[in-house]
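Shared between the two complexes below is subunit A, which has subunit B as its partner in the first and subunit C in the second.
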Partner chain A sequence: MTSERAEWGRHQVDSEMYEDGNALAGPLGEIFTMDVTVAVSRCAGCGLAGPVARLHVYRHAPGWVARCPACEGVVLRLVRGPDSAWLDLTGAVSLRLPMPTL
Partner chain B sequence: MGIVSPGFRGRPRESGPELPPGQYLTRDFPVLSAGPTPRVPLDQWEFTITTETGQAHRWSWADLMALPGDTPTVDIHCVTKWSKLGTNWQGVPLDMLMADVTTDADYALVQSYGGYTTNLPLQDLRDGQAWIAYRFEGEDLAPEHGGPARLLVPHLYFWKSAKWVRGIQLMLEDEPGFWESAGYHNYGDPWREQRYQGD
Partner chain C sequence: MARLAGYRDETPTVRTLVLDVEGWPGHLPGQHVDVRLTAEDGYRAQRSYSLAGPDSGERIELTVERLPDGEVSPYLTEVFSVGDPVEVRGPVGGWFVWRPAATEPVLLVAGGVGLVPLMAMLRARRQAGSRVPFRLVYSVRSPAEVLYTGELRQPQPGVDISYVYTREAPEGFPRPPGRISVADVNSGGWPPEFEPTCFVCGPTGFVEAVADMLVALGHDPSRVKTERFGPTGG
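== the complex of A and B ==
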């Protein structure tokens, strides 16, 4: 993944094909009971932490690909098949989720 | 609305026996992309085939252009269900690039500028089945469609035809690529509708 992230930086790039992470509200809402777009993700590539809603989401693809707005590394991928969903979070060190006070 | 965009250019218009199961015909050329479009200057472009022993065979853009190109006319089938028939390409056959490559590998991992990867059996890159394509319908291949050069392996779903191709790693063991590691089928034969793992 490290070389991939370096690659994204070296050959930048223009693209208007992404949306912000709010686009994930629908597909992630199929999986999670809470709104994950308000969670704070930490990028495994560059360490940037920020709301999932700020990720760059590429949806004109065979799945949803959410990238770090700083390094363009893949933070989250989601593929929805007819009877399964695949969620890949290897590009996220963590997700900080707002929870009710104990 | 489903998660996977069905080509995002409107409703299915046609289907027929010339199309694999579940596909519809489109006459435009939808742009699908999992990330930003890399812009690779031709004087920095390089294509490398690396064997399982680490031996690298490299071609510059000038090297590629010096090779005789094929002009295949092929049908292409995207896993998001659009198909496009009779598309005209120009490119160098993989057979030509593999001619001097000695390998015992059975598998290939195709690597792109920008980090995308896809895997397939090496035999699917041989015998006139695959090209490094650099022109489409008489024009230089546009960056949004994978230019300056992309892999063209039209007998498999089009995600295997990696845009912005940079190299091919030959391997003794299979290794899943970008979509193959996220639910998509390892092989991706459109005529057997191998879209997802388990299909």
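== the complex of A and C ==
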């Protein structure tokens, strides 16, 4: 019973504690001139490619942590300090950004 | 910087704020803003709120639910008065948006105050004179918690609305109260062959469940767009 409760509790945490990558539009908009949430990122863990807007964003950390919706690997981390921003893209193989036609 | 021009109480716990924002660049329905409050001691709290209305010059509307333990929403819905300034950044988010030039049918699935960005889409459709067929499946705890009641009651050609009451239904309502099911999404939505764009907005668990149902019904995952509320909504 106890372990079941713990399991259920953990499941609740996993499924209730995140938002969509859409939520990164504001914080990333402070750094980039274009909307990065419409870019396609490729996960370094499992290779899944999809819009940044679809990543699972956790913010109960000192910043934003965006995880792959398939493997839950960390794709992007962003911390906004008082006079600088840290952007960690170790978990993203690439970002494909929509651009105007040349 | 934005200034409160007026407000409307939608329910006892939900208020629509009408704000004037100088230099507002315009927006698309589905986009949101980040609202930042700074306390006298310098402590800052920031929350994202969906824009509730279509683009209309330098005036925007946000619909805010008051969460009892929230840091920001009690201020915005109880203390924030006409003429008061607030820091608003946006519009942001280019993915969960409906473009009035789009021609494919649209399915909106709302859970509670998740209706807000979807309402912006319905209002933008009307504003643009679009004839794109829309369906809305609106899941809400009880009739008393329905937002924009009067406006939703007015029939609009090409817009079908079905309600799912989860705790308490109006008298004589055929469907017993209960969580949204595949049958609700199936009968209130479009067949996948119509290739509709589906927008789902609500609490994380709700969005997760509905997005899974849509994919199980045969909708292409790339046409199912979601926006979840996080745990720090307050």
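Couple of notes before you dig in:
One rule holds for everything that comes next: the second predicted complex is superposed on the first by the 88 of 102 C-alpha atoms of A that agree within 3 Å, B and C clash if a C-alpha of one lies under 4 Å from a C-alpha of the other, contacts with A are read in each partner's own complex, and residues count from 1 in each chain.
Going forward, a residue touches a chain if its C-beta (ideal position, glycine included) is under 8 Å from a C-beta of that chain, and two chains touch if they have at least 3 such contacts.
All of these numbers come straight from a predicted model, not from anything done at the bench.
When the two complexes are overlaid on their common chain A, residue A:Met17 makes contact with subunit B and with subunit C alike. Legend: residue contacts after superposition of the two complexes on their common chain; A:Arg59 is shown touching both subunit B and subunit C.
Of the two partner chains placed by superposition, subunit B and subunit C are both touched by A:Gly26. Of the two partner chains, subunit C is the only one that A:Pro51 touches; subunit B does not reach it. Which of subunit B and subunit C touches more residues of subunit A is settled by the count: it is B. Residue contacts after overlaying the shared chain place A:Thr37 against subunit C, while subunit B stays out of touching range.
In the superposed pair of complexes, A:Asp88 makes contact with subunit B only, with no contact to subunit C. Overlap of the subunit B and subunit C interfaces on subunit A: residues 15, 17-18, 26, 30, 59-60.
By the touch rule above, subunit A contacts subunit C in their complex via residues 15-23, 25-26, 29-30, 35, 37-38, 51, 53-54, 57, 59-60.
For subunit C in complex with subunit A, the residues that touch the partner chain are 32-34, 46, 48, 89-90, 92-96, 203-205, 208, 225-232.
The touching residues of subunit A, counted against subunit B in their complex, run 3-5, 7-8, 11-15, 17-18, 26-27, 30, 58-65, 67, 72, 74, 77-82, 84-86, 88. Remark: subunit B residues 1-5, 8, 30-40, 79-80, 113-115, 159, 179, 181-184, 195-196 touch subunit A in the complex.
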